[in-house]
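We just call them A, B, C and D in the order they show up, numbering each chain from 1.
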């Protein structure tokens, strides 16, 4: 089926734009960048069409990548139903966001660079999704991390952007450390990286080791998918252009962790403790991030914390054994969160770069299209009945209720919080009085609005149209729980309550938030400052490392030991050279004589060693 | 007959080679070198290397040495100046050379006993056709690489020799 | 073996004598032709129509004082003309003038030696020829001579490349390096000649142009541009040494013309097979010439024509008759065609000299490297492709 | 009439020419003469190649000689260009005067 064509197309786009894009016109850059991604999307469709119902796994082997003793790693791609969902999400949403970027990036510098990086990201993400063994996953995993770093720091002339890029990269390294350890353990235990091979042997493996592998994999996923304790990079990552936030930091890359844990479901089903860890991390992240989201004023920050929170939901689903629910939420989240980001991008675009919600307001009449699509997205994320978010969130909450009631209640409460902060942002942006400085907020061009409308439709109807759990039933174990109407009603009610509260506080009675903030000063400060996590990390991890490096490694080991050795060698060499310098007279004929002498010596040695 | 031809042209070659080394003016050396090359071409013919003999005359004597003569004429720098300062060369040179010659002769005598003999027509594989066939089959890659080498040399020579552009 | 040496010696004498005579008379022909181009009689005093002029010139040159200027590099000054004339005459030794023949029962070739890499030999020897001129220029210790020598060596190196490449194309077609086999491959009709082989006229034109430059002839006679460089590389030469350079130039012209004939014009082969009567062409030509002479003898314009023209006419008729004798026919027919073709090219040389102005030096070099060389290269490439394709 | 030549004579001739080339390179001070000595060395080596080709009855030796010639041509072009440049900059061809690497 030529699966390799799927990632190679964006790679070709990257190479063409990266190498020659500087000389291209914007239209030409667009053609290659978007054309390659759309072609990849179409090729995905054709491939899936050709594969039909896809009952099992379809694999392709291209070449043996690494061959070393017992280790044999092929460049293998495979497609099953899980991969199919991911492929459609990545290429579909990716195509829409590429199109959107034409309008959004129209007036930015480094146009070709942006699209080249975006294409490169698509290549690595598709590699990650298509991979048939952990090592190829890891290639994609690292590659998307690299692209994330490059695109967060896209405005490399701004220090906060480059700092954010570095932070994302370094925090991801910590997670990758866990992933690497997990891979070492997998190879040690199973002697292979191939999914099929590993998963077939899992039932026979010791549970303790599986738990360790599971937790380490989850640690890697924490880095990539911004879970506690490694979520801190994602809010900062909003320094990148908004399409990047939508594509990489909302819809696709950050869900790679969810995908990876779901892909490794066999390991987790045999390691219940690891499952619990995932569930607890998921719910904790969901709750903490949602509370932080309550007090943010930067529209993109709100959605960033919202992403962290929603990812927590997905992990909650995975941790509760409802892998398909997690993937389901992954997909719907990709729809509405991409839409939220792109919509907020449209807002920011219309306000000439303003991101502070306190300087917005009343935009409903001025940018009506954006208003309507944002409403769709906000409803979807709040779990408004029959929207996309409603289906997937309920699937997760049902699984949680099945697992442990308190998980369900915490999740439901978080859902209420989610609805509240999302609509807080929505109302602050579109209702009330316009508080901004930009005189003429303008509607975005059609090329930006068209993807928004498509995504809005998906946000409303996508959950119903694409019943992922049904589609994935053949892959994941039957963790089905009977749909309990009461639980669904409560969850939906929590969402509606959140919306109502937000309406009350930010539209009907705009004075309330300030009075709450002044009433519960300590709590507000805690939330507003994101629980001081960055500061704690700084004091607990970053400072000791920096100081230790400076005092011990630099002054001690580097200057004292290594430089000492190097300088010592240099001094000896200089001494010897001082003697040999006499030979180096700078006279070519002397050199020639020495060469001839050397030739004579060689012949003498040959004769001394015996001819032939 | 073969022996006579060999002796005559070997003698010319050696005398001319000595002349290359001892002549004071480079142009005399160059002409002597042409003589060496010419007599070597005859010896190549004796050994059945007719294509190489022709190439020796055309390429070496006809092109490379003309280039030398051309440069010597262009510079017209006159004879050699006595400004030698190489103690190494003057002290070590003669012994090293004698040793080199002695060793090479020793080698030749040891490895090739006098019963291996050469006669004219003893090897007929050196025609242009044979050389060309080997060149474009077995040695195609080196051949193509030398074309690149020549290209590089041409570019290098032009870059070196052209006048600096302000 | 002994008969081989004897025959070879005879051939050497014949060829050398003929070549020297032709050299001398080529001079005369050139002066005559140029004179007629310029509408003047040319040499007229020594012998009838100046026919003894070459002899007079030789006597003059031999009896002139042989000057050796001071401050020249004597060995090289003396060696240069020797080198020039030697290399010029050496090429003739491999040029075939006709097919295999029987002379008094001994089979032999109308050629001094048949080398199976004759083309390479000619190229090699002609490339050595540069030294004569270069050394003459340098050893004269004269700036005009030096500049002439420099110019000529640069010119000859430059034009040797298109020349070699132009030669390579017909060699590809004939698939041999032997001059004899080269001609053998062109037997038959006119269109079997390499010249009419596809687009080989390109090679021929490139060859001719490069050959003009190689022999330092007009319009490429920069080395001896008398209005800038006095007489170029042979400014300081006189007497027989000067004559050597002079002879070398004409010998080179003849060599190059012979090469052109052999490579492109089918050598001694008649334009159409003997079965269709090509053997009677020389008879017809000489007979016609004799009859014309006789006619003019019967209707003399001047008094002495009454005796001279009939004599000439009878001689021509005898020659025509000799062409009919089977024994001599075998030798003379190929020779006739060879000489006719070579003569035509030599005439072209003279014609060009009487017509074209001289190039400027930078134009000359630019022409070689930027026009002629690429053309020759492309032509060779195209020829190779065509041959590989069919 | 046809006497045979011992193969070693050719090799000895090659050795002699080689040594003469080395001698020229060591004892001559004119950079062009030194360069010509290198050509002499290359020629000596070529003679060896051709001789070995005769001994082994293989054409390979001829090809080595051919490649040596090609390289020599390239070397001559570049080398002479360097010599021209050196002479233009320093006004001398004496190798012993070209010792700027010493300081």
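By definition in this document, a contact is a pair of C-beta atoms (placed from the backbone, for glycine too) under 8 Å apart; a residue touches a chain by one contact, two chains touch by 3 or more.
Model, not experiment: these values are computed from the prediction.
Student: Check B-D against A-D and say which one is joined by more contacting C-beta pairs.
Tutor: Pair with the higher count of C-beta contacts: B-D.
Student: How many angstrom lie between the CA centroids of chain B and chain D, rounded to a whole number?
Tutor: Distance between chain centres, rounded to whole Å: 5 Å.
Student: Averaging only over C-alpha atoms, locate the centres of chain A and chain C and give their separation in whole Å.
Tutor: Using C-alpha averages as centres, the distance is 84 Å.
Student: At what distance in angstrom does the C-alpha mean of chain D lie from that of chain A?
Tutor: 66
Student: List the centre-to-centre spacing of chain B and chain C in whole Å, with centres computed as mean CA coordinates.
Tutor: Measuring from centre to centre gives 32 Å for this pair.
Student: Quick check: what residues of chain D touch more than one other chain, meaning two or more?
Tutor: Counting only residues that touch two or more other chains, chain D contributes 22, 26-27, 29, 96.
Student: When you check chain A against every other chain, which residues touch at least two of them?
Tutor: 585, 587, 589, 592-593, 596, in rising order.
Student: Can you work out from the touch definition every pair of chains that touches here?
Tutor: Chain pairs that touch: A-B, A-D, B-C, B-D.
Student: Inside the complex, what are the residues of chain C that reach chain B?
Tutor: It comes out as residues 73, 75-76, 79, 116-117, 120-121, 123-125, 127-128, 130-131, 134-135, 137-138, 146, 149-150, 153-154, 156-157, 160, 177.
Student: Show me the residue ranges of chain D that touch chain B in the complex, using the header's touch definition.
Tutor: 1-13, 15-24, 26-30, 32-33, 35-37, 39-40, 43, 46-47, 50-51, 53-55, 57-60, 62-63, 65-67, 69-78, 80-85, 87, 92-94, 96-97
Student: Can you check the complex and tell me which residues of chain A touch chain D?
Tutor: Those residues of chain A that touch chain D are 584-589, 592-593, 596.
Student: Report the residues of chain B in contact with chain A in the complex, numbered from low to high.
Tutor: 84-89, 92-93, 96-97, 99-100, 103-104, 106-107, 110-111
Student: Contact residues on chain B for chain D in the complex?
Tutor: Residue positions touching the partner: 1-4, 6, 10, 13-14, 17-18, 20-21, 26, 29-30, 33, 36-37, 40, 43-44, 46-49, 51-52, 55-56, 59-60, 63-65, 67-68, 71-72, 74-75, 77, 80-86, 89, 93, 96-97, 100-101, 104-105, 107-109, 112-120, 122-123, 125-126, 130-131, 134-135, 138-139, 142, 146, 149-150, 152-154, 156-158, 160-161.
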